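Shared between the two complexes below is subunit A, which has subunit B as its partner in the first and subunit C in the second.
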Partner chain A sequence: MVSFIGKVKKLLMKLNTKMRSFFWNIRRILHNVKTKIGKFLDKYHLNFANKFPGWAKALLYLSPALIVLTIFTFWPIINSFALVVYENYNMSNDTITGYTLFGNFLTVITDESFIVPASHTGSSAVINTLIIVFISVPISVLLALFISVALNSIKPLKSFFQTIYFLPYVTNTIAIGLVFAYMFKTDGGLVNQLLGMVGVNAEGLSWVESGAVYWRSMFVLIFYGIWASLAFKIMVFLTSMQGIDKQYYQAAAIDSTPRRRIFSKITVPLISPMIFYILVTSVIGAFKIYNSIVALFGVSGAPAGVDYNLQSIVMYIYQFIDGSNAGNLSVAAAGSLILFVIILLLTLVQMQVSKKRVHY
Partner chain B sequence: MELRLENLTKIFTNKSGAETTAVDSLDITIESGTLVGLLGPSGCGKSTTLFMIAGLVKPTSGKIFFGDDDVTKLAPEKRGIGLVFQNYALYPHMTVYNNIIFPLENLDVPRDEAIERVKAMANLVGIGELLDRKPSQLSGGQQQRVAIARALVKKPRVLLLDEPLSNLDARLRLQMREEIKRIQRETGITTIFVTHDQEEAMSISDKMVVLDFGQEQQYAAPQSMYNNPGNLFVAKFLGNPPINTFEAEIKKGYLIINEQKFMKTKIADGLYDIGMRPENFRAGEEGFKVDVKDIFHIGRDTMIHFDFNGSNIRALVDSDDITTGQKTVNLTIKTERVYIFDKETGKVINHG
Partner chain C sequence: MDKKLFLKSNKIEKISFIFDLLAIIAYIALFLILFKMLALPEIVNGSMDLDNLQFMTPVYEFLGMTLDKGQMNYVITLTVLFTVVSVPMFFINTKKVKTRTIYEVDSYVAGSKFVQAIVNLLSFNPISAGLRIYNTFVLIKFVKGYNPREFFKSVIPAVKKKFKETFKKRVKEDYSNLDEYSISIKQSIRRQRTVRVTILLFTYFFLIMMAFIIIIPFYWMILTSLKDFSGATSTNPDFFLSISRMNWVNYKVVLTELNFGLYIKNTVIVAIFSTVGTIFTTILAAYAFARIEFKGRELLFSILIMTMMIPGELYIITNFITVSKNGFGWVGMPTGSNNYFVAMIIPFVTNISFIFFLRQNFKQIPESLYKAARVDGCSDFKYLTRVMVPIASPTIFTITILNVFSSWNAYIWPRIITGVGGQEGKNFWLISNALRDTAFVQDNGRVMYNLQIAASALVTVPLLIVFFMFRKYIMNGIGRSGTKG
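This part shows the complex of A and B:
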């Protein structure tokens, strides 16, 4: 038996060397062919590749991506600037009644349910979005920081825990949303059952269905948003924490630094570029929130039979493209530009603040 | 404060279970207020020893005493040590001032006194004007000073330096080594200095420990260690150019070199390793005649190459004693400068 295993091992080793030398020879042959072609081209002055400047070659390699980006990103951006000055644009027959500079912006701003809460809804798209941004982003960033510090200090089963915390990232958003909606069901939902177990009377307490109040639905939405976005943040923080030189921690240990101060004075400043990156991208991401609301509450953006609405700015814009007000693209373009300006301003503010706080 | 290592041992076990003894039952007592150099080739366990004293590495067995306190089980922050890392480990996002005051922020020190101490320490190490800079804006030598100031500002019981000069250029190294010696004298703090550079260790230390494969080879004052090496390893490790070593036989009370009687000795007959330092040879009218293989005139000194029992030997002699084109040279060496080592154990036989 032992000799048999030995023979198989020997055979595999032999096969391995054969394969490696095979690929080695192929590389040699290709190299020879390449040199010969190069020599031939040089001889008859046909080697045009050398005649192009470097940037022209780079542009050539970039062109496939550039073409796609132009069609699907740059052109729509330019187009939305054009759309916004059309008055009463009709998508089906491509006609307009005239041009206006601020008309579409005024339509959006004065619209009930964009900024000012409509009398019958009790909330507006901007208010909803701002609540989501300013509650979920700080909480999720802080939570991710603490979890990554904890994960970083775990020794046994390290990669196991890291995998667990990374799982939400590879799971579909809509699927998670549906599971959440199920967990927060009024009758027989996991959350209500748990609440019942710890002695809270949760009978008929509704979260995402008819009868839910605004803050309960919002809580579920924020909770869901934080949970779904944690994984990526943890991964980024953990990776950058593992890149910190161990000597800083040894030096801190010798200087009897308490854990809290090690965290705030060493870990956080040293990964501050990553924290800043995560902060900017998650603020932008939170402003563009769309699919998690749809996953929890459907395209209406509200539990059935309630007098408020949880729609975000993007959902508001979307209704002019493919929703209740379909076809009014000029208004949608105006809404997008307003969203763009809000995000731009906030990012500029963050960059200003970061100049003092971020250490590169 | 006196520092005592008792039977200190560290064994590292890798994933496949193989054991490496990094430090092997070290017994050293370091007197209060002295600067001790921990010297040895790379991988000899000198940094491991230092980190065990610091508490960053747990010893496998043995004990560490600071004065009368057993600190073996104590966490690093409770030992009251200052440690200067090889690459300084200055916090890159803090200014020099914040770096130095950092250890004090964790202690019960009034703010005024803390600021006072930071300034005094910065002046002591000569970086008083650089307090507002970031470490990246400093030169290597300045960073080194900041690191020493940070280690000293909390008035540690022991100062540990882990190859502190290896990242500096040659001239700065000479300067910093005098600086470290001066700072150590002024503060009177017990200091351990790890280095692989024998010249550095010899010039700075009051006493030094030579380690090889985790074992103490010799613990003595630099000059006495140089003149009376305990074994072949120490003899080979110290000195530049290195000591000449060759095999030779002792027959009937005489050391035989090139089939001639070289000198009289009382050591028993047999085969031995012989060590002779190049600079201990003197050229003159009389002495042991050797055929010159190669000769290099280096200003004040002249290096002569010749054979002793088939091994190449170098002698560093005064240029005045040599005339150019000499084919043979007569060399003398003092009897106490000939080191005879046991072939089995490597221990010196005619010294000690």
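This part shows the complex of A and C:
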């Protein structure tokens, strides 16, 4: 038995050495061929590898990303300008009936429930979106600012709080949206239960189900939006606050400056570029709100059995891809171009303001 | 400082790791076995009779014991609790043993070892507990030089002394022999101290309140996912749940009957492939933008940055045409000839903001390193793989995690892609659109809230686990990318 194991061991060792020498031989041969080719090329001045122009090398490195980007990023931008001028574009057989310059834009703008509140719903996509933007962005930015100032002023438990505040960033919008809808349930929802404990008569108060008033369901939507977006803002504010030179605060401490003045004269001006950045990104983010509405109210964008809806602009666009009006992609393209223009204008305005106000 | 004792303590700790690991494996195995044993309702007319879920009284035979429903829930909850406690403890301890030096050991370390021993004892792991208690005494000997007997003798006087110190009567300061000015200064110092303490208390109160608001949805989600149907829909919901009433069978129903196992598999496939693709294309492109000099580099880069401002809806409209019948034909074809995975992966194998982020990181690597490598005959590609990637690996890791998160949370694109597929497309749902579009409604109109929330928890918990494992990378990555963007 022992001799058998020894034999197997020897055989394996032999095999190992043979394998190794085999691979080394291959490597040597390849290397020889490589050097010979190199010498040959050098001899006749054919070696392009050394004279490889920069752009060719760059193209080699960029091509995987550029191919995908061309098909799925640059082409859509061009194509959406083409789509906009088509009349009655039919996706299933790729045909059109004619061309129009502003027809699709007009369809969008005059469409009931885009800008003009529809007669049977009493609300429109643009108005809904604007309400969400102008309420949720200021509140969430201010709240994030206060929380990060508070976090920055304490030492024990700081990283613990930081971790907790970061949790909403890593969650699935749909999943937590369903939980929020469940928490705001009419019968036996957590929120109504808590209100009852505080002493408010919340019996049968409807938030996201049938019978909810417009502002109540809007409140849930905005609350959820703020809850979900706080994490990123706090994180960015805190990082930039930790980057402020301690000397400013020490100088203020010597002069016994009150906290309010330290906040308004040192902290806010020094992180104003970050506040501005957050403001721009969160306005853009609020304009593109979609997932949280779907999570709370379903694809229809309204609580069951109410006469309004909470459609946002993005939701209006997506209904042409899958939904009641499926197929009319030209109108969808026109809608998304309008959204793009709105975002572009807002960014430009904010940039102009920031040039004057923001301290860099 | 006796180095021998320190090494001995490390050795004991390493031995207890083996038993910790064995215990963790045992908990997980027990959980899986018991979870597999959980009884599901009978199948009536091709679908599961979910109304019967809460009224069933199954009896389980396990290792010669007979367990009823409540006892089974009790055992499973205990295995989950033990796993949740012991896995992080194991990882933190292994890291500590690796990095701890002899100068960092103090009496606090001995105390924490003792606490860990008690936790081990509570989680039915007596061997590790015994080893850790022994280790505590080794550490006490190392720190203070006490034998166990000397230690026990010294405990009572020390406690008495501490007791006396804390309850010593405060002597009221005598102001009588001070002049008016120093009294006023003393009083103003006291006033300032009270103001500072009040502000601090207020700050903590504010932070705790906000933390409650942040944490409540998560708590409510976990709680509801373990309730039975009548518990989840009662008008007077419980805020706490006793251990024997935690219905782990909800998760089993969601995974098997409601097909979430399949959806999780789909999502993992899409996440893996799109992440690998993204990392590959992003590293190459970022390298080209950071190091290779060519005409129009800045122009191309600024065009890429500008496209980041365009809303994603604009792309989705045309991309939908591109992948469907008149384009590549990946979806929208007759049943059986569709390629849903390709349609869900390929558009997302690159990401401009990650290219931007990684390029900034590559640029920080000194140029002289590149020149030195070139002098030594290192090709560009070799330099990228041997030097750049290892140096930027924390950033690349952050990008990997963020990309996995975003494909886990993708909703609209998978929804559109699988929506055109009708019944066939349902088998390719990703987790988010499954969550939204699965009907949790019974035939009799009941909405199975507990199952819906259990599915939500099933989607959220993996994200939270990954987050807690790589917390530092993710939080640093977000902070830095924010400051630079």
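Throughout what follows, the second predicted complex is superposed on the first by the 300 of 360 C-alpha atoms of A that agree within 3 Å, B and C clash if a C-alpha of one lies under 4 Å from a C-alpha of the other, contacts with A are read in each partner's own complex, and residues count from 1 in each chain.
Note that a contact is a pair of C-beta atoms (placed from the backbone, for glycine too) under 8 Å apart; a residue touches a chain by one contact, two chains touch by 3 or more.
The model shown is predicted, which means the values in this text are computed figures rather than measured ones.
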item	value
Clash or fit, subunit B versus subunit C on superposed subunit A	fit
Touched partner set for A:Phe166, first subunit B, second subunit C, both or neither	second
First (subunit B), second (subunit C), both or neither touched by A:Ile254	first
Most subunit A residues touched (candidates subunit B, subunit C)	C
Which of subunit B and subunit C A:Leu270 touches, first, second, both or neither	first
Touching partner for A:Trp215 - first (subunit B), second (subunit C), both, neither	neither
Subunit B versus subunit C as contact partner of A:Ile176, first or second or both or neither	second
Which superposed partner A:Asp245 touches (first subunit B, second subunit C, both, neither)	first
Partner chain(s) touched by A:Phe40 [first = subunit B, second = subunit C, both, neither]	neither
Contacts of A:Phe134 with subunit B and subunit C, given as first, second, both or neither	neither
Smallest separation in angstrom, by C-alpha atoms, between subunit B and subunit C in the superposition	6
Residue numbers on subunit C that touch subunit A, as the complex places them	199-200, 203-204, 206-207, 210-211, 213-218, 220-221, 224, 233-237, 280-282, 284-285, 287-288, 292-297, 304, 307, 309-322, 324-326, 346-347, 349-350, 352, 355, 380, 405, 408-409, 411-412, 415-416, 419-420, 431-433, 435-436, 449, 452-453, 455-457, 459-460, 463-464, 466-467, 471, 474-475, 478-480, 482-483, 485
For the subunit A and subunit B complex, residues of the former touching the latter	245, 247-248, 250-251, 253-258, 261, 265-266, 269-270, 272, 359
Residue numbers on subunit A that touch subunit C, as the complex places them	53-55, 57-58, 61-62, 64-66, 68-69, 71-77, 79-80, 83, 91-94, 146-147, 150-151, 153-154, 157, 161-176, 178-180, 182-183, 185, 187-188, 190, 193, 227, 230, 232, 235-236, 238-240, 243, 259, 274, 277, 284, 287-288, 290-291, 294-295, 298-299, 314, 317-318, 321-322, 329, 332-333, 335-337, 339-340, 343-344, 347
Interface residues, subunit B side, partner subunit A - complex	54-56, 75-79, 81-83, 85, 87, 89, 91-94, 102-103, 105-107, 150, 154
